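Listed below are the structures to be examined.
Consider the two complexes below, in which chain A is the common component and chain B and chain C are the respective partners.
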Partner chain A sequence: MQLAKRRIYNSLLSLSLIVVLLLILDFYGTPVYRMQVWSGWILLSLIVFLLLYNVRKKLTMLPLGRVAFWMQCHAYLGLVSGVIFLQHINFRVPSGYFECLLALAFIATAATGIIGLILSRIIPKFLTRRGEEVIFERIPLHTATLRVQAQALIIDCAETTKSEVLFEYYQQHLATYFFGPQNVLYHLSGSTTPWHHMLIKHQTFCRFLSDKEQEYADQLQTLMKQKDDLDFHYALQGMLKAWPFLHFPLSFVLFIFSLLHIVLVYAFIGDI
Partner chain B sequence: MIEKEKWWDPNMSSQEMDEILSLALFKDIDAAKFPVQSSLSTIIYKHTRLLNYLEGEVIIRAGDYGNSAFLIVAGNVGVILPTTVPQGIFGTAVKQPTNWFKEIAKLWRNPSYPEVRPLKQTISDTVVIHTDDDRTRVFIQNFSSVVEQIQEVIINLSAGDMVGEIAALTRTPRTAHVIASSDCLLLEIRWQAIHALRKYNDEFRKRIDALYRKNSLDALRTLPIFSRLEKHEQDNLISHTLFESYGEFDWHENYKDEVDQDRSSLLKHETLIVDEGDYADGLLLINSGVARVSHHYNHGYRIIKYLNKGDGFGLRTIIHNWKNHDNSPLPVSLHAVGYTNVMRVPSHIIEALVLPRMTAEEIDILLVERKNTYLAKMDYTRELRLADGMLDFMSDFRYINGSASMLIDLDRCIRCDECVNACAVGHNNNPRFNRHGRRYDHFMVANACMHCHDPVCMIGCPTGAIYREPDGQVAINDNTCIGCSTCANSCPYENIKMVQVRNAEGEFRQDAMSLRQVVKASKCDLCVGQLDGPACQRACPHDALKRIDLFELSTLIKEVE
Partner chain C sequence: MDKPQLLQKFGHQESPYDRPNQKWVCGKLSQGCPCELGPDKRGKCRVDFQCKPKGNAAGDSWKCTRPTVSGGLCVDGPLPDGTCCLPMTHCQPVRSLRYKRSVTVKWACVVTLGILIFFVYGGNSQSFISPGDLTYQHAKNADCRDCHEVFHKGVSGWVHQAFNAVNILDNNAQCLSCHQFNENAAKAHGLSELELKKVAYVTETDERMSIFQEIACMTCHIEHHGRNNNLLAVNSKNCAVCHDLPFNIGGKVHPDFRHYPYRKRTGIIFDHNQHYDKYFFDNSGENLRDSAPGSCLTCHISDKNGIKMDVRDFQGSCSACHNSSFEDSESFAVMTVPALNTDNLRGPSWPEDADAEITPFMKLLLSADNENLLSVLATLESDDLTDLEDEASQIIAWGIKELYYDIYKNGKNALKNRIVKAYYCQLNDKGQLIQEPACHLTISQLEALLSEFPLALFCSAQQEWFPELISEMELYLSLQGKKQGGSRRQSFVCKKINNTIASAISEEGNWQLDYFTLAYRPGEHGDDFFMAWLGVTQRHQGASIADLARKEIFAVLTSEDSAGQCNHCHSMDSSEPDNYLIQWSTAQWDPRYKDFIHFNHAGHLRHQGESVCETCHQRNKAADYLASYEHNNPLQFESNFSTEKAVCERCHEEAMTENQCQTCHNYHVSGVNVNILMNQVQMEQGHLKLWADKTHYEIGDEIMIKFSVNQPMYVRVFRTDSDGKILSLFPNEFRSDHFCMPNVIYQIPEAGSERTLVISPPIGTDKIFGIGSEEPFSENKLFFNRQGGFDEEKMAELRIRSIFTINVE
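Our next item is the complex of A and B:
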């Protein structure tokens, strides 16, 4: 199925599910407390199912359907759970500290999930269109390789031209740049300002070079660009890898809080 | 002195040469018909070798690919069809059953060291492997008792008989097991020699063509346009069919040398079969290999589509000329991609036997296709909604060879490496591929075994350790792999790596006899023997990774969309 068609199909299916669940709640939901009990249990079931996605990801060796299918279910049922959550809290800010905390846990989990989904749709396109394809864990290795190449270039230049000007320039302006990831926040915000500043500085410096030194400076600029692309991949791939570390713990916190909430509800529900 | 390739019997004596030339196959050949630069003696010297086999030794395994035929000089060999004996008897791998518990247990049972392989005292229950400096020999254990069990299914061959020539010429799997029934002497003849003998010797050509016909008979009969003919008409058609080979048999060697250079250097190895503007003198049927259909575009050829086994070329033009009493030339060209075998059914046979049996509707459909597609010089890539040049990319780099290539849509891939992790879990914590490879637009063909239609890696494995499953997956049997690197060196895409294996304690395993470290070939096996299909594809959360047959354009288009 085409992705656009799939998106429409899944959205319609989710919408239908929301309508059906709301109708059920409306039908069985009098008095109000009964509706909240029903919506609570539905919500817990949905949270458990959403948590199962992570379990499925670990059990890739079992024929339990493709993870991509589970991911679709996870995303769209996440959306459904958001509506049921609003219904459960009766579209009001909950009263009581624990209930507020629980609602915040839900909102935070949902928000990180939505942000993560948006990031995972946007960032890959940027990564594809810039620099070489690199594996995140190997970025330090590539950085070290570029550093070694740059240093070798500088030394070669000094030996060939008997001039230390490029060496000094490297030491002052580029040694730190080639040492590790740089300008992470700029790359995350999509800004190329640091690179342009560096380029202007480099071009200004090049005005004072001999033809031979210029050849080395041009090669150095190529390495600088490669390093900039590497930093870009580090920042964006790092972001893609980092956000689940926010979403997963929050979802477990939400699950634990939900269980506590049920215990408290049934402890104090009384004879109603 | 004629220069001989290093590995190919460098010690052949003049006495052995004389002995070979006196064999029935060669003694009546008119050597004068051979050109000076590739005389009969040169061909024999460069491309043949005498090999002695001991009783019970495996000469050929069914399913293996090879590039040589064997002429029996002395002794006897037995030919056994694979369907008549139990699977695995000749050392081929037998799937071990698995279940949910075994699979889940991988989560904690997988070793923490890389490339840990179970230590086995015997390589197989049925075969034994002897390796010395000369060569590797594979024997059937307890040969005499095995022979007793399968006596009635052995076809015995003796001096003067030849085996394996068609499989060697057409790059198709061997169809039978061949075992030395007694100590025997065989002449191994490489494909270059078979080609030359066929070209310059009428008798040999007739013999090979007769075999071709016999082997191709069923394939031809089942083709839709021939299936409606009477049997005697089919026989007539087959008797007029010509068998031709194009391209380079060892294309993978040039490919590896030139793949990182200019792409045009790869294209120059694509042999032209027929050119746009040529007279359509016959219907060309692809017998094995791949061909590309293209039309002239300025100084190059723009690809329209690929053809592989069973596909035809030229029928529409033949129909047009027959119906309109015209002599229109072919509107498109056909090139061999790698090594391609073609059957040519002459036009007059098609006109006499096939076209009168076709309905007016069938003919009209084909003529409309000719007009709209081929004569209109349609930009197929655009028509198929593929990125510009994508078909050329797939073809130039021979990715169309892959039946299960790993295609990653980088616009959807979040670089989470769940595919690599899933692969590792399924294979003792050792991922069998690199999420890295050549890119075109936002697609990457990753460095994972493509399970090729033309698996050059399977040529020359001395123990048959690399094999093809009935479902098409190419896998390696760890127990019979001797770590010779033949497959890894042959793979044009560098998707097979050699790994040093360890025991459960993490120590590198050593061969008890030679004290060398044990090395095995390692590659993607498409999760053969596991509960579900390829784990990499199953584990991708964003549908970015697909294992697809890049030859099938419909599959490619579906995935690209």
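Our next item is the complex of A and C:
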């Protein structure tokens, strides 16, 4: 199914589910019919299902449906759970420390999830537009490769041209650059300012080089660009890898809070 | 610029496969030379050489096996012993990203559990798990266990409770310890199943919700929503469970009025249409007579609570036109000397010119006599005794004489004994009525019957009717073997009375002596004699002589041409034969009981004037009102008026469409005061304690109010009664300074003072308010709302309060 059609279809389906659930809760929407308890159990069921997505990804050997399908369910049911959550808290700010914590946990989990969803839809487009496709975990390896290539280039230049200009330039300005990821925040913000500064500096420097040195300088610039692209990929892919570090723990924290919440509700309110 | 070489190769020969579930990766990755094998699952580097040489079968020839991605076969090849010639230093393995994430999750869970354990088991668990502030009325209950008994059981107890069904009444018990209801507190509306069934016909109940299901208090009264939360503001959707379709999309949801406000016919027969059209007003609207009422409020007045509209009493509403009907009423016989055929009457002397008939009153009194007399009475076909056989005449004559002798001797006690016996009752040793299920008489009824008997007139009449009654009866009774009781004639009641009367009397109050008839004529509305006898005879089921006598008395008093014509205006309700209930008054509303609907007539009249009566109560000119009284079923009727929902919707549309049920409807209608009742009423709010010695008082009782403070402050104490009148109790004329010190118990009235504080009318619920402030404040700073409570908006500064209620009966 085409992406747009799929989104429209899934959105309509989610909206329908929201409407049906809200109508059911409103239909029986009175404490006499335990509306809050019903909405709570629906919410917990949704949370558990959302947590199962992680389990599904690990149980690849079982015929549980495509992970992509589960991802779609996770995303849209996450949105549904947000609406049910608002209904559950009666669209008001909770009072009480624990309930506030619980609500904050849900909101944080949902927010990180939504942010992650947006990032996972936006960032890949940026990544494909620039540089080559690299595996995030191999970036240190590629950085080392570039560093080795740059160092070899500089040494070869020094041996060939008998000049240490490029060597000193490298030592002063580029040794740190080729050592590890640079300008992460600039890349995240989409800014190319550091690269332009570096390029201007490099081109300014190259005016004072000989023709032979110029050739090495051009190759060095290629490596610099490659390194910049690699840093770009590192920053954006790092963002894609980083948001689960918030979303996953928060979702488990939310689940633990929910369990305590259930115990407290049934212990103190009982059979309404 | 040269085209850059691709860094990332994806071919299986060029690029090793990184398994995503690896926990550890080689530490030399960042140096650009990771090993092929990678760390073990414990994060330990396991690579010593760049390859593991492969030997031949003999083990004397070895080959390098370094993969292409790592550089391919080495130049030197393995050592002779099969060891790789290129050793590698161990790396410091690094956690994979996925593993780092997993560790983060585990730590987050551990920290979360730690935090929860710390707070839940810690000293502040109460404030941690509390879902919000309590209302200020409950805020004094600082401990959760005051309402939630499970709290003291700890976390394990909570878990156990959570997985076990809770008896709903257990949840209510804590609420009911202060808010005392009847035994049906958990039932809908606080009514029993029988009571609910009676009223259920007026509502459209939801089948899904059994109206007999028990409900917890907290279902509707939700706490923990903040200090200023209004516990009385109940979600109207709760009402919709039983009373309306819970699913409403727009439109008007309030059902049409049925059986409202008229649930049964009026007790007093008053045809408004007839009176309006024939007796009050002519066609032009002018009064036909001076005595005609000028408006509805001439006859109707709001009750003391302003809620219901009462009808003024007879004097205030009907007497202007109807008083004369009593002045012209005729008398009827109560006690007589009936005519007997004296030709062959042997034994008792009997006046030959006696011409009366036996009355049903006499039959009732005679029914307490012997079997012979009862059998004679049973055979009577009419009240004319002249056709009786000799023996029957003799028996009845002696019976009547014995009755009169009994009265002559014992006065009203004789009547009392006979009436008690006729109603299947008994007297104790002190002569007091014993109330038993079989006894159809009440103490007050008996007193009313006896008080109306004209003993003096009877005694005087007796001398004329049977001058020799005493001697004759004494002889007769001695021959019959009946004991005389040992009393002397001089102690006979009538003897004493006659001795005080100078001459014979022929009248006593409304009683008249007409030859051999002692007759009664009602003189005014509300005649006590009529009301007393109608009260004791309206129920006359049974076939005994006494029962038939009661029936006859009832028939006499309620006949079309009866003297009082009570039933001309006072209807009689009956659900079974020979069992009536006369409606003496208009509908009386017990202020202890709330109606399902609270409509404040006084308030509406104030706002809209007298003309609003006919706006809501629209005259139904086509109603056949009087036909409603041709039978005895009060539920089948046509009212003079009709009330439609549209009239209320003009002003209350929002309430009726937005399901704001509490605007007009009450939930707790059971007959118990729902205010807080506490033994040794002590409430502490802020720093002021205010209490009295009990919660129920009768008018005239003395009350002692006490209060104390725990820090110096200025105090004022007020009382508001059920009329809304406010009376200042403290400070007062005996103590004008309202500054109070701690560790002192102040009394109103002051200790040692001769002054007393006495409970005064009206009956109902009074509230005693205590207000405290660190600054002196005048009465002008106090504001009350219509319900008799504080106006919270205007009194936000005066937060030190204490309130308790007392019932005045």
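Everything that follows uses one rule, which is that the second predicted complex is superposed on the first by the 267 of 272 C-alpha atoms of A that agree within 3 Å, B and C clash if a C-alpha of one lies under 4 Å from a C-alpha of the other, contacts with A are read in each partner's own complex, and residues count from 1 in each chain.
Keep in mind that, in the parts below, contacts are C-beta pairs under 8 Å (C-beta built on N, C-alpha and C of every residue); 3 or more make two chains touch, one makes a residue touch a chain.
Source: prediction; values computed, not measured.
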item	value
A:155 touches, of chain B and chain C: first, second, both or neither?	neither
Chain B versus chain C as contact partner of A:241, first or second or both or neither	both
Touching partner for A:55 - first (chain B), second (chain C), both, neither	neither
Residue contacts on chain A - larger count, chain B or chain C	C
Which of chain B and chain C A:98 touches, first, second, both or neither	second
Touched partner set for A:127, first chain B, second chain C, both or neither	first
Partner chain in contact with A:86 - chain B first, chain C second, else both or neither	neither
Partner chain in contact with A:2 - chain B first, chain C second, else both or neither	first
Touched partner set for A:147, first chain B, second chain C, both or neither	second
Chain B versus chain C as contact partner of A:200, first or second or both or neither	neither
Chain A positions touched by chain B in one structure and by chain C in the second	58, 133, 135-136, 241
Chain A - residues contacting chain B, complex	2-3, 57-63, 66-68, 70-71, 120, 123-125, 127-129, 133, 135-136, 237, 240-241
Residues of chain B touching chain A in the complex	100, 103-104, 106-107, 410-418, 421-422, 425-426, 435-436, 439, 442, 444, 530-532, 535, 537-544, 561
Complex interface listing, chain A residues touching chain C	23, 26-33, 58, 94-99, 132-138, 140-148, 218-219, 221-223, 225-226, 230, 241, 244-245, 248-250, 252-253, 256-257, 260, 262-272
Chain C to chain A touching residues, read off their complex	1-4, 6-8, 18, 21, 25, 29-34, 96-97, 100-101, 104-105, 107-109, 112-113, 116, 119-120, 127-133, 144, 148, 150-151, 157-159, 161-163, 165-166, 168, 170-171, 209, 215-216, 218-220, 222, 224-226, 235, 237-238, 240-241, 246-247
